[in-house]
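Shared between the two complexes below is subunit A, which has subunit B as its partner in the first and subunit C in the second.
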Partner chain A sequence: MIDLLKESFRKFENHLNGSGKGHWHQLRKEALSAFSSHGFPKSKDEEYRYTPIGRKLEKAIDFSNIKPIAEHRAQGEKQLFHDADAIHVFINNNAIHIGSLNELDVNGIDILSLNTASKKFKGEVESHFGKYANVRKDSFTALNTAFSYEGIFVKVSKGAVIEKPIILHYGSDDSATTNFFQTRNLILVDPGAHVTIIESYTADYSDVQYSNHVSELVVGENAHVNYYKFQNQGGEDFHIDNSFISQHRDSVVKAYTFTLEGKIVRNNLNISLEEENCEAHMFGLYVVQNDGHVDNHTAVDHKVANCYSNEIYKGILDDNSKGVFNGKIYVRPDAQKTNAFQSNKNILLTDTASANTKPQLEIWADDVSCSHGCTTGQLDEEQLFYLRSRGISQSSAKAMLLHAFVNDVVDKIEIDFLHDFINDEMYNRLD
Partner chain B sequence: MLKIKDLCAEIEGQQILKGINLEVHAGEVHAIMGPNGSGKSTLASVLAGREDYDVTAGEVEFLGKDIMDLAPEDRAREGIFLAFQYPVEIPGVSSNNFLRTAVNQIREYKGEEPLDAVHFLKLMREKMALVEIDQKLINRSLNDGFSGGEKKRNEIFQMAVLQPKLAILDETDSGLDIDAMRIVANGVNKLKSKDNATIVVTHYQRLLDYIVPDFVHVLYDGQIVKSGDKNLALELEEKGYDWIKAELSNPIS
Partner chain C sequence: MNKDNQILEELTSSEYKYGFETLIENDSAPKGINEDIIRFISAKKNEPDWLLDWRLKAYRHWITLKEPKWPNVKYPEIDFQDIIYYSAPKPKKELKSLDEVDPELLETFKKLGISLEEQKRLTGVAVDAVIDSVSVKTTFKETLAELGIIFCSFSEAVHEHPELVKKYLGSVVPMTDNFYAALNSAVFSDGSFCYIPKGVRCPMELSTYFRINAAGTGQFERTLIVADEESYVSYLEGCTAPQRDENQLHAAVVEIYAETKAEVKYSTVQNWYPGDKEGKGGVYNFVTKRGLCKGYKSKISWTQVETGSAVTWKYPSCILKGDHSTGEFYSVAVTNNYQQADTGTKMIHIGKNTNSTIISKGISAGKSQNSYRGLVKVLKRAENARNFSQCDSLLMGDKCGAHTFPYIEIDNSTAKVEHEATTSKIGEDQIFYCNQRGIDTENAVALIVNGYAKEVLNKLPMEFAVEAQKLLALTLEGSVG
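Entry: the complex of A and B
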């Protein structure tokens, strides 16, 4: 596998022409060597113990044909939410629909392809790209970085308040020449800016898709970012996501991860609180059916004092599905007066569904308030009987209870069309 | 309306009901009294269809239909209502949505058109006034954080909205102060008609000052051992249950 991969990398280098030098390419080479020495995670790797994905990917992916994402006029306007009142960007078939970028003209925001940005915003890209996405820690991040070429670059100017959400629509069309996608985002939110970004994965094609996404977000002082991931792709698809968020003083981030479909989905959400008085919220919801497998690994790193983090993840696991949750909270020695909360709750709808949940708090400071809780169980029989005794059918009663279960996450969604879609989807799924 | 014949039920292998016989007609109020552990709440639960209990023998006919094989929701749709001894809290389920779903699924079962939002709201307002319940409670999640009295009042409110033919009140009075009990009883009395019937399961006679029963039955060790009119309740209040126990162990006297 590694030999084939290196061959792909050489082909890639040849295509880079003059840009195969410099800082970025150095990162690529480091990433390739990091991946080559480690390969995909093995089942004995603690971080991937419950999600043994490596072997499956080794078999499924054509390593001789790994291609970087390209600029390309791709059409994809028929995706879910395409008609929402939002700023739309389409990423199709390993290609960004640059047409959609050119048409954007919103004050206070630049949305470019990453490669274009590396020239136009050379300084910013060089100082931030690859700085947060650690290729030594996660082999998927390494593989992504090794072949990074194109992606989405978003820069929100100082003080700009972007009213409309930005939707990054990820999909594929029938001209796809590979089943393996790697996409990359670099999002820089300057001080005092407000922005909402939605990554929407909704395409469902007959061929199984394997995708490996990496995003880096830098949130400036006093900036506010709402960052949504909406994962509703095909039920046979593999989806790996690594997101790295770096927060500066007084900033507020709300990160939402909704997983409604997928064969194996693994999300690594990493938030680093670099300066004081930051607030980080993480809301997660996964509703899994058949033999779907959804794994959320989150890590929030309190590096300094007086920050707040709050995390609520909820899962409904049906059929033979499996949910995995690992929540790390690091409170460094200097991070006094930290407030950190974490909760993971799962409902198992069948005897064959399962959940593995592991809170992992590492606290080196002594004046902090931290708590965590996790529960896994079935629906409450007493509540079910109560509802049924009023004439409500068993299936409606279950739907009501499950809806109530997810409500405190669903109600946190601040975007109406997304809230309504997920709300309706919950009713349709659960009734 | 309701005919119970030799009803036996057990839970986890332990027999609780040991041959209950009871007949209730439209327009009647029956009180079922008895010491703790005699099977009163079990009887109420079995009638409502709680699945924890195994019915081992006997028949229950409601409006000419055998209901023992019906799911709890279908019994409710046929017109049976159980006011719970301990109504459960269901955070996240709005009272409004809950009741509207219940009303419309019952209507659907009967082949009636669903109530639209306007008519449903009208029904709610009317019944809220009838049972003196505060709109604020209805705006909250179902029973969520309600006091004991508020929960019981909400049971009566649901009963008013769903308009059952047979209401079974399972110790609705327990834990209520006099004012709350009066309001609950008042609600029950207002809902009474010649077409519906009420079974009041209670440990105390006091509720029966407010909801006057036509018949009083004493349940003891899984059987109805004595029946009478409202005076039986007064006698029980005065003498306790011991004389009945004594009477049973020594039938000659």
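Entry: the complex of A and C
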């Protein structure tokens, strides 16, 4: 596999022509060597203990043909939310298309393809690219970095308040010649800016698709970012998503992760609180059916004092599905007065569904208040009985309770069209 | 008030107070481990062939294993060839009464406050005192024998009840279980064996006091407790070790086997030498403890107060195989100075309607690191399993760390599993409240910590609870201000 990969890398290098030098390419080489020495995570790897995908991917991905996507027109009419009042960006396994911002009359924001940005915003890209996504720590990040070429670059200017959400639509193009799809995003939010970004993965591919995305997000002083991930792609697809968020003083980030479908979905959400007085919220919901497998790994690194982090993840597991949650709260020695909360709740609907939860606290400072809680179980019999005794059918009583269960998270969605969609979807699914 | 005075008094004595060394002639094996050493140990103890074979098998498996690196502890590499695997006080002759016990040994126990006479006369506790590796004296044996209870040293059990030992040895912790369990299986020197027959309720608390003696020896104890149908036993284990600079390895194995409706309560107060204030020396405590709830409605309960050892690595577990069986784990782990602890439990739900409770209270002070690591696993067929876990950590000082690594794996929809963890420090307002009422800060801390750990301390048998409270205060002494 490694040989094929190196061969692909050589082809890729040739394809780069003049840009095959400089800082970025150095990072690619480093990442390739990191990936070559570790390979995909083994089943013994603690971080991938419950999600042993390495071997499956090794077999499934055509390593001799790893190609980066290029920027040209991508079709987006089929996408969910394509008619929402928002700034639309279409990405598929072959191409990227960014709508014209002038038509939308939006100021204070630049959205470019990453490759274009590496020329136009050379300084920014060089100083931030690869700084947060550690290629030594995670194989998938390394693989992505090694072949990183295209993705979305977003820069929100100082103090700009972008009212319309930006939707990154990840779609499919049946003419694509590879089954392995990687993009690399870099989002820079300057001090005082406000922005909402939605990454929406809703495509249903004709072939099984394997994707591995990395996003780096830098949140400046006093900036507010709402960052949504909505994953509702085909039931046979493998999806690995890595996000690295770096927060500066007084900033507020709300990260939402919704997973409604997928064969194997793995989300790595890493938040690093670099300066004091940051706030990080993480909300997650996974409703999994058939033999789906959803794995959410979150890590919050409290590097400095006086920060707050809050995490709520909820899961409903049906059929033969499997839910994995691993949350880490890391409080460094100097991070006094940290407040960190974490909660993971799972409901198993069948005997063949399973949940593996591992909430972790690693605390190196004393003046902190940290807690986590997790539960796994089924619906409360007494609550069901209460509803049944009032003439509500078993199935609607169940649906009502499940709906109430997910509501904690669904209600946190601040975008109407997304809220309504997920809300309706929940009613449809749970009934 | 009397009790408080005692705590006060002990707070003022600064160094480890159980640090002294008994001078008894040793009959040691040479350093290192190989098949010959194992044959030597086995021959020394007049063991039957099957046990030697068992040891050799374990050894052959052990050499294929690697030392585990996953615990959240750091310590210098252990040279397993630099350890004396067998050392015993010279066998004199069979001892029939206390008078025949080496007076120096008796003196040692007196210093520890567990003089055999006292114990025998006043407390009604049968003590199987183990110094280094050989059981020196077993008391109250006759009383227990009347009820058919077997409580003796492991080597004695091998000779007198080979059928029981053969049947149960390794049935809960197989010799291939893990690195240290395999090592223990190969070289275990002695330990305790306890068998409670059908329908017998053991009238007294059984206890063993372990002490590591003789410089440079590792202690490899093996305890096997078998509770037959509808029996009950409460077993105590207490440890104090003499002060020494060299690191000592302690790799014990405890196996508990509970048949239908049997109940076993296992309590530990562990106070091995933790090393000095600079983190020099101290005991490495790498223990495998596991109980098997084999029968219907059986119950195993672990209670531990961990205050000693430089490095602790220990997960008393329950395998809930029988339907309606119950597993419990109550733990207080205190670390100070440079101590490190990675401890917790495993609850494996296999049978139907099984129930488990985990209460873990960690306290870290000084520059110590304290981790809770636990597993709750509900298998597919384990209908209606119920678990409640609570893991609290208390931090004292800004140089220490508290970590929680719970693993929760649920494969059955009827399971109800809850886990809660909190980490915080002692509130300034609580200290202030005590100060204001004339309690100085150090005592206030002792008071608050005792309250914090009450839930667990209450589970200890009375004699132990008092000792444990004193230990808590003693361990945390000097960690405030």
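Things to note:
By our rule, the second predicted complex is superposed on the first by the 422 of 431 C-alpha atoms of A that agree within 3 Å, B and C clash if a C-alpha of one lies under 4 Å from a C-alpha of the other, contacts with A are read in each partner's own complex, and residues count from 1 in each chain.
By our rule, a contact is a pair of C-beta atoms (placed from the backbone, for glycine too) under 8 Å apart; a residue touches a chain by one contact, two chains touch by 3 or more.
These numbers were taken from a predicted model, which means no experiment stands behind them.
Using the contact criterion defined above for the overlaid structures, shared-chain residue A:366 touches subunit C, although it does not reach subunit B. By the touch criterion defined above, A:10 lies against neither subunit B nor subunit C after alignment on the C-alpha atoms of chain A.
By the touch criterion stated above, A:59 is placed in contact with neither subunit B nor subunit C. By the touch criterion defined above, A:396 lies against subunit B but remains apart from subunit C after alignment on the C-alpha atoms of chain A.
When the two structures are aligned on the shared chain, A:46 is found in touch with subunit C, with no touch to subunit B.
When the two complexes are overlaid, the chain among subunit B and subunit C that reaches more residues of subunit A is C. Residues 46, 50, 333, 336, 346, 348-378 of subunit A are the ones touching subunit C in the complex.
By the touch criterion stated above, subunit A contacts subunit B in their complex at residues 380, 382-383, 385-394, 396-397, 400-401, 403-405, 407-408.
On subunit C, the positions that touch subunit A within their shared complex are 70, 380, 393, 395-425. Interface residues of subunit B, counted against subunit A in their complex, comprise 48-51, 71-73, 75-77, 81-82, 84, 87-88, 90-93, 97-99, 101-103, 105-106, 109, 141, 158, 162.
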